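Both of the next two complexes hold chain A, though its partner changes from chain B to chain C.
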Partner chain A sequence: MRLLNIKPDRAWTVALAALPFFALIVAYMVGSGIRLAENPNDKLLPSFTAMAEAVKHYALEADPRSGLYLMWNDTLSSLSLLLTALAISTFIALVVGILIGLLPIAGATFGPVVAVASMVPPLALLPILFIIMGLGDGAKISLIVIGTTLKLVRDMALRVKDIPAELLIKAQTLGASTWQIALRVVLPQMLPRLIDSVRLEIGPAWLFLIAAEAIAADSGLGYRIFLVRRYLAMDVIIPYVIWITVLAFLMDLALRLLQRKAFPWFAGARTA
Partner chain B sequence: MNRSISKLLQSAVAVAASLALVMPSAEAAPKKDFKVAWSIYVGWMPWGYAADTGIVKKWADKYGITIEVKQFNDYVESINQYTAGAFDAVTLTNMDALSIPAAGGVDTTAVIVGDYSNGNDAIILKGKDKLADIKGQTVNLVEFSVSHYLLARALESVKLAEKDVKVLNTSDADMASAYKTADVTAVVTWKPIVSTILESPDAKAVYDSSQIPGEIIDLLVANTEVVKDNPDFGKALAGIWYETMTELASKKEAKEHMAKASGTDVAGFDEQLKTTKLFSTPADALAFTSGADIKGKNELVAKFLFDKALLGKDAKSAEAIGIEFPDKSVFGDKANVKLRYDATFMQAAADGKL
Partner chain C sequence: MTAIVFDKVWKEYGDHVVLERINLEIAPRSFVALVGPSGCGKTTFLRMLLGEEAATRGTILVDGKPLKVEPDADRGVVFQRYSVFPHLTVLQNVMIGREFETSRFLGKLFGAKRKQAEDEARTLLDAVGLNDHENKYPAALSGGMQQRLALAQALNRKPKILLLDEPFGALDPGIRADIHVLIRKIWNENDLTVVMVTHDLSEAFRLGTRVIAFERPRNRPEELERYGATLGSEAPGEIARPSGPQPGASITRDFEVWPKKIAAPVGGAASVPDTPSVAKAAE
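And now, the complex of A and B:
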């Protein structure tokens, strides 16, 4: 039997998927065990017990200084920034992307500038943003918006252009105006595709958020990581990284489910 | 198929385990190759100069060892690398030595006590000229750094506490541009950022480290086991340092080199040196390190770190980590001495026995 024809059955699929995670955990435990045997106070690879204790301290006990549950407070603060920013970029991308893709005049006017601007590395703009917007939430939201919108706009414009010309012509022969075509033909086609694009931008959005929080903040998941980094508190950093990963994964999952529920026809359209 | 998968599993675990094994680990045994990490700061610029001009190589050759001197752009990263065991020695402040490697269980010895901040760190208010005006303001600083310590000491001096202000963690790299924005009215930072900020006409330095002399000490520390097993490494470091000190005092090129490497000119570098109490001879450094004052000053730092829970989560008091002084007296837990001020190598330099 050829290798490419061996298909794992259901149980094996689960086992194989778990294998890399399991190997990572074992590798970590071995490495951590070796270092802790040498120096019980080692901070680099803390034991799982130490991490569980740190999580308990950060998530389940109020901080004696501020009275806040730090991990929840950080999560709330980061998520509110991230979701606000993603909502803004999604809205801009939808409107501008459809305009550029559908109207040749808008495409000629804004297409090139969006193409050029999307090449600006957003992180390089951070110092400028902080001067213009101050150190507050405005600068952080702007960074995420700038970092994600332009790519979303370009993607949307390309998707609009992918719509078969026959469809648009047919709508016109049936007497639809530009406005009606945009609203009734293009928009429904674009919404599920927009969800696809936004899913891909979740990663970059977190990256920009954490970068901004590292520079100036008083709460947030990225803030905490960069703060405790000062004393190499890996027992806090590692759970926080895992937590961010879980949050990002859940956001992705939520969008996927939304797409499936709201646009059940799209799965068929994608494979066609 | 079953067997092949269990084999796959076995080998994956083996690969993962061996990956874990190659992680850096602090090793101590006689060795020949040493690594020193340093970062840009007025009191540490001599290391860059010594590496570039062959002073490092000269002393390493004398003891038949090699010393790699590596500059880090990120101060905290250099300390973390040292704590993780990737470097044998690093330049840092006494406060960070206590909170990062020592609290992390890495027994650390101060081989060279280079200087103390004598005005290099400052609290700056916008449009206000009294420290007490800081009350109720948002203060931008690098949290848990010496700036935070300076703020705590300053607030104490005017009978305020940290709850009277709001601390906003701000990266040192962005401090100068942050000051230019309207909502930033109070910052605590260090030179050369202080100098840049004070160029603004509305900026007033209301408190600086010359009011707490000798509390923010800049050190070159090494892993205690490494220097114990390899005293030649310690001797070479002292040799390098004091030869460079001599050149800094006597050679114009030396100062020019250091000024340029720290991104300023000789006038700017002199301005930073003015607020740095540099121990340019081993005798000066010895007098300070072996003096009585240093103990109380380290105690203040340990208390601050304990208040901020930076001595480790198991720490029950500011005395959780022992600090040993040259006369072998110990502040704190004698069974858990992790930071040692060792005058041996500075003494050897003073006696001309290197």
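And now, the complex of A and C:
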């Protein structure tokens, strides 16, 4: 049988998916074991027990100085920034993207400027944002918004243009105005597609958040990682990185579920 | 009185002549079938009638008034694909025309008005045989059912003119025969003038009261860029097979289907024979 025709069944699918994760963990354990056998105080590849100890310290015990549970406090701080920023950019992308995609006048006016502006590397703007907005949350949220909005806008505009012309003509023959077409034909068809686009922007959003937190913050997951870096505290950094990954993965999963539950028509329409 | 008049209409894209000197009068309640090879301009013709494209020269009149330059509720349309909204259920797809009409701002009805629009939509779904599927999304319907839905949707705003752009081209023969019965019933029961583009000659003769053929008669390479197609004035000998890049097209045949089919008076007895002998001969 040809290789491309061999399809794993359910049990095999699960097993195959688990395999790389398992291999990574084993590789880490072997490496860590070798280093710790040579030097029990090695900080580079801490054992799982040491990491569990650090997580316990950061997540389950209040910090003696501030009285805060640091890991939860960091998570809350980072997530509120991230979600606020993503909500803002999603809203802007929806409105501006539909305008650019649907109205030739808006496309001619804003299309080129968006295309040029989306080429500005957002991280290069970070110093400007800090200078203008200070070191507070405003600058961090702005960075994420700037970094994700323009791509989302372009993506939305392209997807609006992908709507078959027949559907827009059909709506007009049913007497719809431009506003009614935007509201009842374009918007509902864009929402599930917007979810797809936002899912792809979760990664960049975290990147910009951590970059901003590394430079100026007093809490947050990125702040903590860069703070304990000074002490080579890999037993804190590694669990934090895993935690950030889990959070990002859960956000992705939540959006996927939302798409499936809220837009039952979409799966069928996508394949049609 | 004439429902639709094309008065010396030309359609060009730059130097490229698509349609040339189209003169045509379409009587009210007729069922016109447009036939011709691919790329002969019959779809461009339909688009001009729809208001999606403007004529380069000449005028198109509907009921004596110049055609509006954008699509509106006077003219319903069914395309071969993408005729129904994928994000709305069958019932919502039919209702949405009424919602556009009565709710200018939200385009959505609530309460008693919604109930009324739903009942209206159900009557239409009943007429096209989709009453058992009102809560399905279009993706769950077969091709034939989607086209039935598109017809019900188009009829909801009671257009005077119904434009069909190869509406049944993608359907299986059996399903196509069923939907032919439906479209003839719709044409008989509503105050409609139908213009249909089709690839299928037997379909054109079976359904149409009048069949119009588009072709590009002058096709030599040096003429390609200069001459588009004209309507019905060429002798058969001049009609060459299209070859190479095709610049334009015209009407080369225009005849009434005999015996005459006449739409039943709206609301009156439907006793008018509407099966053409051509169709019988083909069966």
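The rule is simple: the second predicted complex is superposed on the first by the 272 of 272 C-alpha atoms of A that agree within 3 Å, B and C clash if a C-alpha of one lies under 4 Å from a C-alpha of the other, contacts with A are read in each partner's own complex, and residues count from 1 in each chain.
One rule holds for everything that comes next: a residue touches a chain if its C-beta (ideal position, glycine included) is under 8 Å from a C-beta of that chain, and two chains touch if they have at least 3 such contacts.
Just so you know, these numbers come straight off a predicted model, no measurement behind them.
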item: Side-by-side fit of chain B and chain C on chain A, or clash; value: fit
item: First, second, both or neither for A:Pro188, with chain B first and chain C second; value: second
item: First (chain B), second (chain C), both or neither touched by A:Ala23; value: first
item: Touching partner for A:Ala269 - first (chain B), second (chain C), both, neither; value: second
item: Which superposed partner A:Ala217 touches (first chain B, second chain C, both, neither); value: first
item: Contacts of A:His57 with chain B and chain C, given as first, second, both or neither; value: first
item: First (chain B), second (chain C), both or neither touched by A:Ser177; value: second
item: Partner touching more residues of chain A, whether chain B or chain C; value: B
item: Touched partner set for A:Pro112, first chain B, second chain C, both or neither; value: neither
item: Chain B versus chain C - smallest C-alpha distance in the overlay, whole Å; value: 39
item: Chain B residues within the chain A interface of the complex; value: 1, 5, 8-9, 12-13, 15-17, 19-21, 23, 25-26, 76, 79-80, 83-84, 99-100, 103-106, 140, 142-145, 166-171, 173-174, 177-178, 180-184, 310, 312-313
item: In the complex with chain B, residue positions of chain A that touch it; value: 6, 12, 15-16, 19-20, 23-24, 26-28, 30-32, 34-35, 38-45, 53-54, 57, 127, 130-131, 134-136, 214-218, 223, 226-227, 229-232
item: For the chain C and chain A complex, residues of the former touching the latter; value: 50, 52, 70-73, 75-77, 79, 81-88, 96-97, 99-101, 104-108, 137-140, 150, 153-154, 156-157, 159
item: Interface residues, chain A side, partner chain C - complex; value: 164, 166-167, 169-177, 179-180, 183-185, 188-189, 263-266, 268-269, 271-272
